[in-house]
Amino acid sequence: MDAKEVQTLLEELFPDSHEDVLVESVGNRSARVRLRVQPKHLRPGQTVSGPAIMALADTAMYVALLGELGPVTKAVTVSLGIHFLRRPRQVDLMAEAKLLKVGRRLAFGEISIAELEKPESPVAHATVSYALPAT
Amino acid sequence: MDAKEVQTLLEELFPDSHEDVLVESVGNRSARVRLRVQPKHLRPGQTVSGPAIMALADTAMYVALLGELGPVTKAVTVSLGIHFLRRPRQVDLMAEAKLLKVGRRLAFGEISIAELEKPESPVAHATVSYALPAT
Amino acid sequence: MDAKEVQTLLEELFPDSHEDVLVESVGNRSARVRLRVQPKHLRPGQTVSGPAIMALADTAMYVALLGELGPVTKAVTVSLGIHFLRRPRQVDLMAEAKLLKVGRRLAFGEISIAELEKPESPVAHATVSYALPAT
Amino acid sequence: MDAKEVQTLLEELFPDSHEDVLVESVGNRSARVRLRVQPKHLRPGQTVSGPAIMALADTAMYVALLGELGPVTKAVTVSLGIHFLRRPRQVDLMAEAKLLKVGRRLAFGEISIAELEKPESPVAHATVSYALPAT
């Protein structure tokens, strides 16, 4: 699936929240997904909330999987680990997911999350495992 | 702080989302926090979404810290690791957080999350680290 | 398998290192495994090394699985997460593993590691996932 | 510190095990460290053991920190998370550590571990946090 197809699929699956994220690119075992930061994503201190960043990491990994495998909508998150590195400002964030393994049953990737203009100073780093549906 | 004081503090800090969680108990280096599941917490398949469960885990740890240390509102999440173990039904979830270390700079705890009536079959297990403000 | 049977199996599988650990108890989805601390497990500062503690955590989880499932010797570690909480003294350590999920394909557990006499002050806490062989 | 200085320091700190690892390069917030696989690092199935790989990941992060900060020998591991992705053959492994954050108190990095000739197919991926001594 390409970026446009994935975006359309997210709109069907998550009609309430699909406007939060923009699939910027997909392919080559990776994906870039943008969080369009809105008031609901913020927390005191004019920063983006941890849960909003965790949701973005999980979505970016899911998008990378859809790009690699096609519409495996039944893939589910098995585990997620995240480290918060810097306090983001109240701006859009970009998540860059890279698939490090896509097995028959399990997929694993890492995700770097940064402010839109500052990819070299990530605000968070995550690793995510997904269980893949039997085919 | 006791459960009622923590609940009041959450209402002040997070006016938009405080109704999502109910602080059931606090004390003895632990806390129990209930997620009042609402449509926004669901995802396809009539289950509670991963991000909603991650947010609950983070909140339960924060509540346990407030109970132990008082209003350290500037404590921030450093890292979170979560494993999803079973698919929850569309019911309220209870998170039980236990503090395993509270140092001068860092605190660490584990959180078990289960359906309200089924604490023995957790749907997820998390570990969370917080950085504590200098005092 | 009971504690004695597991100990015998470890001796067969790991002839070089089985004397490092003592299976104290197994059963009820849990296990207690003791690290007999030796010079090779130490590091500067008269403390037990991190790698020795990580190996103990992994072994304790494996022992709990053997106790629960029988000789599934082909089970392999998928992921391990560990937090070091306190600096242990140069004494034997006890790991207590609890299985939180044993599925068809994946098992997950948590392990608390403490000095022998001080279970209430863990020196480390780990979570471990194992992939189970198809049966 | 450069690669040679770090190697010499490891020999002083860990006289028993320094021959296990070879510091290949250090600098630019990263490090490459080679595990010279020996019989003690193996486990049944002619593969490198999980604990040997975990120790390598931890060492590679430590080496990267020494390269960045100088001889901060009192830096200690706070947490380590590792995912095992492929079963390595019985050959030397190379760990490549990248520092993603070096703060005043905490440092965080990621480590990719692969067979010597196959960096594009990692056998494991780790993230490690270190606490830095007050200066």
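First chain written, first letter: the chains are A, B, C and D, and each begins at residue 1.
Throughout what follows, contacts are C-beta pairs under 8 Å (C-beta built on N, C-alpha and C of every residue); 3 or more make two chains touch, one makes a residue touch a chain.
None of these values were measured; they are calculated from a predicted model.
Trainee: State the pair with the higher C-beta contact count; candidates are C-D and B-C.
Mentor: C-D is joined by more C-beta pairs in contact.
Trainee: By mean C-alpha coordinates, which chain is most distant from chain D?
Mentor: Max centre-to-centre separation from chain D belongs to B.
Trainee: Could the interface between the copies chain A and chain D be described as same, meaning over half of its residue numbers are common to both, or is it different?
Mentor: Copies use mostly the same positions to touch.
Trainee: For chain A versus chain C, what separation do you get between their C-alpha means, in angstrom?
Mentor: Here the centre of chain C sits 34 Å away from the centre of chain A.
Trainee: Could you please state the distance in Å, as a whole number, between where the Cα atoms of chain B are centred and where those of chain C are centred?
Mentor: About 28 Å, centre to centre.
Trainee: Could you work out how far the Cα centre of chain C sits from that of chain D, in whole Å?
Mentor: Roughly 22 Å separates the two chain centres.
Trainee: Provide the list of chain D residues touching at least two other chains, using ranges where the numbers run on.
Mentor: 78-79, 81, 83, 129
Trainee: Show me the residue ranges of chain D that touch chain A in the complex, using the header's touch definition.
Mentor: 81, 83, 85-86, 100-101, 108, 110, 112, 122, 125, 127, 129
Trainee: Quick one: in the complex, what on chain A touches chain C?
Mentor: For this pair, the touching residues of chain A are 78-79, 81, 105-106, 129, 131.
Trainee: If you look only at chain B, which of its residues touch chain A in the complex?
Mentor: By the definition above, chain B touches chain A via 13-14, 16, 39-40, 43-44, 50-51, 54-55, 58, 73, 76-84, 87.
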